[in-house]
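Here's the structure we're looking at; comments come further down.
Chains here go by letter, A, B, C and D, matching the order in which they are written, and residues are numbered from 1 within each.
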């Protein structure tokens, strides 16, 4: 990670478990599009990619989101520089 | 034990833990005195020996009794042939 | 035999492994180990001697295990309790329960400990700097056992 | 470190012994072992693969242990969770808690399992005769975790 990363508008997005398999990737770097300032807005943006993105992140799918490794909600703000993870409900233990 | 023991009026009495130490014995054979037909009556009889017997088996002392290795109450009948144990509340585990 | 009273120490890992050995339906193992502490009721404990009632103790432990088997959907249960003279840090008692799901083995394991504490004929005598003394039964143990009735 | 995520198996007896080593104030050790079953939701399970979120998983387990330390009067707690591909009879998870008296270690041990099941980022994928499938989260686990809030 670059020292000035928190001042860029790039985020690192991680996908786990069923999402990683369905979306075909475990992580990506994304320059935050204009107007994307919350977790909810980011999910909306990703859904517009269509296909698996629309269905896996769509309504009725239980998806959890963590920002910088803390559980987040659709309202959680993102500014760039964050590590954002999407994953299904956990099933460990 | 003799095969006909259940037809005698002898009982085997066991004492454990604090009672064994205070009474100075761990077990004894006793011919049931006339009129002693319950655990409560047996305790009354033993108390009449005085000293430690009176105090250890006396009112206010928490003493448990088992007849043939099952927990018993003062009303539990005894006919002879039983193994009767007196002991303090248990403290294992 | 789900119940043992012995003077020798026990190996927790080996006992757990043996209890679930070859049963691929076991998804949960709850266990408890009781240990001699160096302090009881404010006094230093040098040794702890455990006495039992041979015959009745085993019988009462087996009865408690049978009750647990009836009350919960568990596979196996094991109780090992030591007698004789022990020192601080020594293991006293082991309870292990296996089941498919964790709730049942947790419940049964705690039930076994609560019932064992209040119903199985064992007595503890401590040696402290003030001399030796028989440990008194605790009201809190009766309260714990009463939860299950 | 009270928390470990690892591919290697663990030795329950050794972990318990290490956690209470040299602490003569420990009178109670409650522990739980989770194991791969050969049957889940009615289907035979050939293998189970566990995935986690390196970094966040450890962080969330440490947070859960810290919560247990705050809520109960316990000495130490340990959580070991395996990842990678496992088979029926393999150990998945170990939770151990030490305390002076048994109530606290039982409570904290069960709390740790309930919170771990619903909050720590682990995911299970099973291989069955019907192919491989991601295990679905259970409502009963949420209910169990809700007891503590």
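FYI, a residue touches a chain if its C-beta (ideal position, glycine included) is under 8 Å from a C-beta of that chain, and two chains touch if they have at least 3 such contacts.
Please read all numbers here as calculations on a predicted model, not as lab measurements.
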{"item": "Shortest path length from chain A to chain C (each step joins two touching chains)", "value": "2"}
{"item": "Most widely separated chain from chain D, with each centre as the mean of CA atoms", "value": "B"}
{"item": "Mean-CA-position distance for chain D and chain B (Å)", "value": "49"}
{"item": "Between chain A and chain D, centroid-to-centroid distance (C-alpha), Å", "value": "27"}
{"item": "Chain centre separation in whole Å, for chain B relative to chain A (CA means)", "value": "75"}
{"item": "Interchain centroid distance [CA atoms averaged], chain C/chain D, Å", "value": "23"}
{"item": "Chain D residues counted as touching two or more neighbouring chains", "value": "34, 113"}
{"item": "Pairs of chains satisfying the touch condition", "value": "A-D, B-C, C-D"}
{"item": "For the chain A and chain D complex, residues of the former touching the latter", "value": "14, 16-18, 62, 66, 69, 71, 85, 87-93"}
{"item": "Complex interface listing, chain C residues touching chain D", "value": "11-14, 16-17, 20, 24-39, 88-89, 100, 102-103, 105-106, 109-110, 113, 144"}
{"item": "Chain A contact footprint on chain D (complex, rising order)", "value": "34, 50-53, 55-56, 59-60, 81, 92-93, 113, 116-125, 134-138, 141"}
